[in-house]
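Common to both upcoming complexes is chain A, partnered first by chain B, then by chain C.
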Partner chain A sequence: MNKRHGLAFKLAALILSCTFVIVAAIVGYNYYYSRDIILRQAEESSRNLAQDTAGRIDSVLITVQKVADNIAFSLENATLTKDEILELNKRVLANNPEIYGMAIAFEPYFLEADKLFFAPYYYKSGGRIAFSMLGNPAYRYFYMDWYQIPKELERPVWTEPYHDDGGGGVLMATYSVPFFRTIGGERVFAGVVTADISLDWLEEMLERIRVYNTGFAFLLSRQGTFIAHPDPTLVINQTVFTLAEELDSPRLRSIGQKMLAGENSFVPMDGIFNDAEQYLFYTGLKHGGWSLGILFPKNEMMADVQRLSNIMTLIGIAGFIILALLIIYIARKITNPLGKLSDSALEIASGNLDIMLPEITSSDEVGDLTNSFRVMKTSLKEYIENLTTTTAAKERIESELRIAHDIQMSILPKLFPAFPERPEFDVFASIEPAKEVGGDLYDFFFVDDTHFCFLLGDVSGKGVPAAFFMAVTKTLLKVVCEKGLDPGQVLTKVNSDLAAENDSCMFVTLFLAIMDIETGETQYANAGHNPPIYLPCGGKPEWIPPLGEPVAGVMEDMEYSTKTMTLNCGDIIFIYTDGVTEAMNPEKELYSDQRLMDLLIDTDKPFAPELVKTIDDSIKVFTRGAEQSDDITMLAMQFCGKCDK
Partner chain B sequence: MEFTNTKNGNALVVKVTGRMDAITAPEFDGQCKNWIETGDTKVVVDLSELEYISSAGLRSILAAAKKLKGAKGEMLFAGLSGMVEEVFNVSGFAAMFSIYKTIDEALAG
Partner chain C sequence: MQNSHHPIKTMITAMVLGLLLHAYPVAAMEKATIVLQWLPQAQFAGYYMAEDKGFYTAEGVDLTIIPGGPDILASEWLEAGKADFATMFLSTGLLKRETLPVINIGQFVQHSALMLITKKEAGINRLKDLEGKKVGLWANEFQIQPRILFKRLGIEVTVIPQSSSLDLFLRDGVQAASGMWFNEYHLLLSYGLDHNQLRPFFFRDTDLDFPEDGIYTLETTANTKPDLCRAVVSATANGWEYAFEHPEETLDAVMQRMIKNRIPANRAHQRWMLDRMKDIIMPENGPPIGVLRQKDFERVRTVLMETGFMDNAPMFPEFYRGPVR
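Up next, the complex of A and B:
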């Protein structure tokens, strides 16, 4: 089923869907583009932050290294006494705040031949410098890593971070530098200078690095041990690899390997430490083989982008709603008058032309439409009024025409048998008027006791003029006949009277005969009428030859001649108008003279009324209901004399 | 009903084709008006192609002839045959007008 949607709905749907797509595209593009910018900035700033931090750590380490290196160098001078060594150690510690503690450990029996241990150790404790002499049977320092490794490698090393129980009792890392003396031209390992740094300050330094809310920095040793991490349980106890094992993360392991190789990179760390997405920046330090990592929580990084997108989405939605309301308002403003107009149109269609059209003052297309509508309504009203008037007038004319037709028909004798008391003759006539008023006429009457006049005519044309002309002709004929003239004289007189004032060129064809009803002698005259048929009783019917005299009513000075024929008992004169022979069937074929004559030949022993009826039926069969264009008028006059009918 | 007009010397030959009845007869009146306006007052009407003529047609011919006469012209007929010729004879038109067998004769006459 097709649901019907109004213009407002369609307009709103179309515009709003376009707008939605545009807004969504803008917000989406903006989100992804700003995210890229933020990511690039984050990488940049993390790189800066890491390098800055690494630099600061490096600067501390390098200071410590240099101090230790210098002392080691000076210890290669064998002239230093025991006290001088102690003094040097103490002074160096006092002058270098970065150094937590410093030891100068000699090989057994090296400085003093009777002493197994010689390892003075100065360290900071409670803001003051404390002293302890390392080495006793329980703590044989020359077996410790910080001593052994540089001794074996013959180069300085940073130890892995460790918890020093022997010295300061803090978490520390130690830089150990071996020093040598030349004895007997031979370079001999003499001992180790160590500089400890407390990892607490490292911890503090890294803690100061605040990355968003939950981001943090951490430091790995050469072996991957956590030197600094916000989670204190990891420090010393775990390496990045044990953590990777624990978290079952091959990715963390691979990142750890890259960190230990001293690389630097900015990588996503999704879901390794927790469910939150994170980025990691790592970089190797210059000294100690350490490497620094900084973790960025992605959602915090993206918070600004998210907020911007949210605001843009909100603005978009608000704009969308405002736009929707505006469109609906505008569309309603357009469609409301249209709806009213449509209602008015229906009302007008149902015939109420007096309806007031809705008052629409807008100067747009809707206003134009309303105006056109108003004009249409007015025109329609005028047209219908005109039509009503015209129709009324036409109906009046038609009704008058009908009356005229009735009157015209009523002046023709219609009562048959017309003269039942006269057995000498029988006369029968019929007229089948066409739809339109025509001008056929016939008449019969006694001129005197023994002379009977019968006539038939056809006025040219149709309509009221023909009807008038016919009435005038019929009246004239009767008046003139009663003067006792012969048919030719009657027609001459009637013709000159009709032609006298006939500007309209109307004319009438006439056949007029006067019969002596005792003898059957018949005088006749013909003014341009088609020849009647003479049907001798028992003989072959034939046309009464035309006289070639013109129609009546055209030329004033015409003389019509009179012919005479004698009828025998039962003979018939059949007069008709061309409505008979020119009656048409639907194929536009004429009834024709020939068909009429054939019919009459086939009719034996006819009587006047039956003859007319037979012909009438034949015509009806022929025309098959086709519209009749002309009056069909027939008159049959049968002479009976004194014989039986 | 159709009209074909041909100018021949000072005469206008009008060939009438089709049926001339109450419906088409007014066309003949209209044509006649044109002839008088263009000054063609000698008109030869060729009726050889006319199939049928009714009393209304005869009346149109009468009216046209009368108008032409008023304009000091004349109307001649040629090529009558069959039904049309019979109607002309019966109605006495043959006696009222100049009728010729062919157009050439009409033009010569």
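Up next, the complex of A and C:
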């Protein structure tokens, strides 16, 4: 189901989701990119730090090595006496601050034939140089590594760090150089020169290396034993491999093996020592077979990045919230008036045009819309007021027209059969105005006892003016006819009256006939009216030829002539207005004279009232309901002859 | 039930009293000293646990344990009277018997843990390949089995006295080093060598499978203080059983002694050692703890006689006064 969301919601959702994606992308990219940079820098700086440290350790070791190498070289000289050897030993120690202790140990019975042991050892103790002679049944130095290894390998070595109980009793690493003498032409092993360095010295040096807060450096011996480590319980006691065993970490073991192989690398140490992620840089030393490791706590390394990211995230969130509020505010500002306008529009739609539109003064689209609404409201109001007035006026006019129609119809004889007591003739007429009132007229009346006047006319134009003109014409005709004039004279007189003061230049066509209802003699006159049809009983209908005389009401001094024709019994004169022949169907075709004539020809034994109805039906069939453009008026006068019965 | 002495209650009271008296027999405590053949490590865990858990005291012995070392020969301490008891290999005890009347009063290690270790890269695939090679051997009793082996194989090797470290072997100064299964083999692993880089040769796989650590005393002590001897062996057996049942507590005790003696100590190594000690002290199909079987004795005696290390070896009953089962 679609929930309806407002503009404010859509706007806010769209912009905020876009903003969120952008902010998240910026923060995320920044974090990962900075992290990469930091990581690279950390690797670089750890490499530098490690190599610098290794270099410093190596430089000390090489100094010690050179000293011991030189002494070993000088001891190859067999002329040195016991005292000279002791003096050499002491002097060298005094001149070399790096060296903690130095021994010159000879093979059994080598220097003095009666002495199993000869190994003077000078060492530093409490700021002074102390001396002891190594070798006794409890300390058979021949079997110590510092003696045995250079002897067997015939090359200088750094021994594994050890607690020398026979010597200074401190933790030391010893550089041992074998020296040889030539006896009987043969080079034989004579003993070793050892130089000890204290691991405290190294420990201090490495302790000074502080990496972030908890990062540290450690040193491994050739066998993987910890020589220096912030955790003193590891030093000498543990190798990196036993630590790996205790931590059950094959990975640490593998790293240890690479370290002992003298490789250097920067590796993640995630989860080996504890849950914290760490990085280790390790490198081999040039001397001693030792390797240096520097451990970086990742979280501290990344602390700055993390802080930056946190701040960026906070700024992002703050901006996001501010943006959200701003968008909601703006959206509300836009949609609130819209909502009010919408309510107002509904109110207007329901017809309340007097509603007060919301007061909106902003000069933006919403303001424009409000103004348009206001204009629309005003226009609507005016329009409706106009419409109301117009409608009222129209209704009034229509009502008057309806009344006028009734009056107009009422002045025409409408009662048929009009003279049921006179069988000599039969007259029938119909009128159908195109509008409420029309300009057609007909009339019939007795001029005297035997003369019956009937007429039909068509006023130019339609509507009210035509109706008035028609009324005037009809009244005039009636009045003039009663003076006993013949039709031509009647028309002349009526024309004269009509034309006088006819400013509107209206005119009327008229056909007027006066029939002697005893003889059927009929006098008629025609003022521009279309020719009526004479239907002789049993004969062929024919047009009553026009007299070629003009319409009435235009020229004051017109004289109209009178013609005479005689009707036989059953003959009919059919008079009509051009509304009949010019009636149009929807295709704008005219009913036409021909169609009327054809219809009349086909009519057998015509009877006046039926004839009018037949023609009327025929016209209706022809027009098929098309709008009536002109008044349709017909009059049929049938002469039946004098009836003596 | 009131006013009546419950017999069981009385009995329990008596037993508790007896135990207390037995546990703290201040007057009856007998002082004694035992010297071990090497520095403190899990190899002697049974003695430490017997001491720590009061098993010696419970047996009425106030025992002082003296750690050995590279320069302490247990038999010398015994001879000099500086110690009442000493731990020695069975072969060492037998050889000493020629000059010093020592008696085995309890045998703990039933199999030989001694081995020769080579690096695979040295290409020594059979023991015979040691011909002409430098082999690191420890002094004294540790040389008996290898020398017999070399003699039997008819190979000449250059014996290099092996120090307490494996540094020379690691630097290829010798091609084979002596080692104990419970100690040096794991040390090599802890120096970063992998199992598959090493080729070990075990003496226990040959007929030179000599039982090792046992408790010895002079014949006079065995004669005059048989109860003391029995008490020391019994308490030590209890100590071993306790040690194997409580390895972590035992490792704590071992580590503590190592640190006190300033010996490089790490728990992983001592755990390996304790596990291996269990293999050789309580082996499958072995005798009860502390017992020397006559057949094992005879095997060692025969080899030593045949190889000329001894001319006049004692008989089993003369030599062994320990528990029979």
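Descriptive notes on the structure:
Here is the rule we use: the second predicted complex is superposed on the first by the 449 of 645 C-alpha atoms of A that agree within 3 Å, B and C clash if a C-alpha of one lies under 4 Å from a C-alpha of the other, contacts with A are read in each partner's own complex, and residues count from 1 in each chain.
The working rule: contacts are C-beta pairs under 8 Å (C-beta built on N, C-alpha and C of every residue); 3 or more make two chains touch, one makes a residue touch a chain.
The model shown is predicted, which means the values in this text are computed figures rather than measured ones.
By the document's definition of touching, of the two partners only chain B reaches A:Met506; chain C does not. In the superposed model, A:Glu549 lies in contact with chain B only, and not with chain C. Judged by the touch definition given at the top, the superposed model places A:Thr239 against chain C, while chain B stays out of reach. Once the two complexes are overlaid on the shared chain, A:Lys462 sits against chain B while remaining clear of chain C. For chain A, the partner touching the most residues, choosing from chain B and chain C, is C. Once chain A of one complex is fitted onto chain A of the other, the partner contacts of A:Glu482 are absent, as it touches neither chain B nor chain C. Listing the residues of chain C that touch chain A in their complex gives 70-71, 134, 160-163, 165, 167-168, 170-171, 173-174, 189-192, 262, 264-269. Considering their complex, residues 21-22, 52, 54-56, 58-59, 62-63, 66, 89-96 of chain B touch chain A. Residues 137-140, 142-145, 148-149, 152-153, 157, 159-160, 162-163, 165, 222-225, 236-243, 245-246, 253, 256-257, 260 of chain A touch chain C in their complex.
For chain A in complex with chain B, the touching residues are 458-462, 504-507, 509, 527-531, 546, 548-551, 554-555, 578, 582, 590, 629-630.
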